[in-house]
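Two complexes come next, and they have one chain in common, chain A, joined by chain B in the first and chain C in the second.
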Partner chain A sequence: MSDQAIDAGTSRRLPGDADIWVFVIGDMLIFSAYFAAYLFVDRIRDHALFFQAQQQLSQNLGFCNTLILLTSSLFVALGVHAARLADFRAASRFLELAGASGIIFLFVKAYEWYTKLASGLTISTNAFFMHYYVMTGVHVVHVLIGLTFLTILWRELRGAAIPRMELVEAGGIYWHMVDFLWFLIFALLYLMR
Partner chain B sequence: MRTYLYHPLTRLWLVLLLATVLSWYLGSDGPVTSRQAGVLSAVSILAVAIVKCRLVIRNYMEVRYAPSWLQWTCDAWLLLNFGMVSSFYWFAI
Partner chain C sequence: MSNTLTAHAATETTNVATPVATNRKLDQWICWWSLPIFYNLFGLIFVYLGKLMPPPKPGLTTSEIVTFIQTNASSMQVAWVMLTLSLGFASLSSGLIVVQMKRMSVSPVLPYAYLAALAVAAVPGCLLCTIMFALAAFRPDRDPEIIALLYDMGLLSFVGSLGCFATQYMIFAIAIFLDKNRIFPRWLGYMSIWGAVTEMVAAPIWIFKDGPYAWDGLISFYLGTIIFVVWEYFLVASLFKAIKQQPLEELTPPCSV
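Now for the complex of A and B:
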């Protein structure tokens, strides 16, 4: 989609392709089902325990990781924009920055898990920590898939004579989903008590 | 690359950053003084998170330029999550 078309606001076009949207919407619904299970199956039984266990999470680390993912999303969005302008060198540099941000997110998450495990807070400590490790673990798997996707896009931008824009957009859409799902996980696990 | 940083996408990033600071502030609001205050704080944090999700979906994922079925689907998902989570905090605890 050209910027002119975007600015005019007259064109209606599916970003990426239909396949990525089936996948992304399916994933969004699976996460919603998990949020429902977290709240209505377990938290509802012992809200006080969840409330107390939440005090042991570091809101500051969660906050840092939110900023890191947010920034990586900006880099991906700017990368897609640069690719549309056929500035593939800038586009690939933005994807490198996005990938680096994703890796920093994983290091912060690993540090957070390490500090929890070192304090004796494991997946079997209580129902809250079971959800904490599973929910953030499933999200980490999504980050790893996203990083693989970004690598594929980077190769496409560096190697292909004419990079496929649908593929570049699809990778961006997936990465942004990983970003906004984290917004909800951060709110549910770290902030809402 | 520097010229790209003056794009409206960067301004949106600043808005999202400020919204994250706001939700972090709301979440670190000290001990909860009453059930009503706790619920209000939780629902405010949720509302900020949902608005942030919508901004990313519409602008970074470019759903605002997509066919209306996709716009409606994404908004329905956001509404579903807001309704489900806020109803838990309002009614179930």
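Now for the complex of A and C:
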């Protein structure tokens, strides 16, 4: 299995296994439900309120976090690449960097929530902030799961004689999905007029 | 000392010789069949009799709540009695899951943690909600404000406790990803993550009385419930496969289990 995976860089093949793609598609559908509730249930009902509330979010912090997650995605991609070349030590180093970026993302998010809460903007302030806290909260849970996933991969790369490549790729796909979901949240909550 | 050893050897020989030993999976199959029985009863209790599913609205006025309790009082009491009698089936199926999880190449802490997490979640998620409705139904003519309080307590504990199940889902997902014996398919682990995340989103029901995040909301209630039903179906199917594929040599004779 892993031999086939290691030289797979040259042949055409679905990265990871079918299972992770089932997960990604399902998770995207679940997030679509949050986006649909935001866009088509509450936002169209009171567009002015949503526009005014949106001004209270910090686009700078949002943009910072976008860059941080993009960087971490790059590290994960480099890690998967190193693992494919059977350089498991380098691969685990890249995963450490990706994980560290994920943790920085969480700190920035915590600071952002703290400033919002300190200025009296809570989940029950209005419908916009309800969606803001739920969506960013669910995304943070995804980041935490992603960090757990990266830890499992790190252990696999360090400990196993022949690391399971499909698991390493699945972890990479999961992390890219977390990154992609943040793009959507950033666009919908912070930027969309 | 030598006597006990001989005695022990003797019982072992008898075990191998008895015909009971030919169906060493009988205990697991009995537990497996308790699953469809329990979930059918569960549906009957929570949907038809208990009136908890689909959940009535959080925004009802006090008098509407009293009417709701009064019209359904006897069926709510029947629901409570049936639940007390049938909840034991859930322990059989949890036991089966633990037996199969112990075959995984993971720390035995995980199956025990799974069991404990389910036991914790069953208290608010199954018992408290039905007992609150049964309690309101016991004296439906008491102070309407107290009836309204019991109504809130029942539904808040029913939907608001979904977060407790998130722990159980996450333990199961982690066990599946760490397991090298592939006892359960990996996609079931991923589905458990959907379960964990959607159940956590029930937390905002403590704040909102309408909209997608209220206790009858599309996201807080329906999304999590749909995923629970789909997950449960695939869990039962995967358990069937896991028992079927378990090699006989792995099983101890029934007498010494």
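Some points to look at:
Methods note: the second predicted complex is superposed on the first by the 181 of 193 C-alpha atoms of A that agree within 3 Å, B and C clash if a C-alpha of one lies under 4 Å from a C-alpha of the other, contacts with A are read in each partner's own complex, and residues count from 1 in each chain.
Simple rule for what comes next: a contact is a pair of C-beta atoms (placed from the backbone, for glycine too) under 8 Å apart; a residue touches a chain by one contact, two chains touch by 3 or more.
All of these numbers come straight from a predicted model, not from anything done at the bench.
With the two structures aligned on chain A, chain B fits next to chain C without clashing. In the superposed model, A:A33 makes contact with chain C only, not with chain B.
Ranking chain B and chain C by residues of chain A touched puts B first.
Shared-chain residue A:D17: touches chain C; no touch with chain B. In the superposition on chain A, A:Y190 makes contact with chain B only, while chain C stays out of contact range. Touch criterion not met for A:D46: it reaches neither chain B nor chain C.
Centres of mass aside, this uses C-alpha centres: at chain A, the angle toward chain B and chain C in the superposed model is 130 degrees, to the nearest 10. In the superposition on chain A, A:T148 makes contact with chain C only, not with chain B.
By the touch criterion defined above, A:V134 lies against chain C but remains apart from chain B after alignment on the C-alpha atoms of chain A.
Overlay on chain A (Cα): least separation between chain B and chain C is 16 Å.
Against chain A, in their complex, chain B makes its touches with residues 1, 4-5, 7, 9-10, 12-13, 16-17, 20, 23-24, 26-28, 32, 38, 41-42, 45-46, 48-49, 52-53, 56-57, 59-63, 65-68, 70, 73, 77, 80-81, 84-85, 88-89, 92-93. Of all the residues in chain C, the ones that touch chain A in their complex are 170, 174, 177-178, 185-187, 189-191, 193-194, 196-198, 200-201, 204, 207-208, 211-213, 218-219, 223, 227. Those residues of chain A that touch chain C in the complex are listed here as 17-20, 22-23, 26-27, 30, 33-34, 37, 41-42, 123-124, 127, 130, 134, 138, 141-142, 145, 148-149, 152, 167.
Residues of chain A that touch chain B in their complex: 1, 5-6, 9, 11-15, 21, 25, 28-29, 32, 35-36, 39-40, 43-44, 47, 59, 63, 66-67, 70-71, 73-74, 76-78, 81-82, 90, 93-94, 169, 172-173, 176-177, 179-180, 183-184, 186-188, 190-193.
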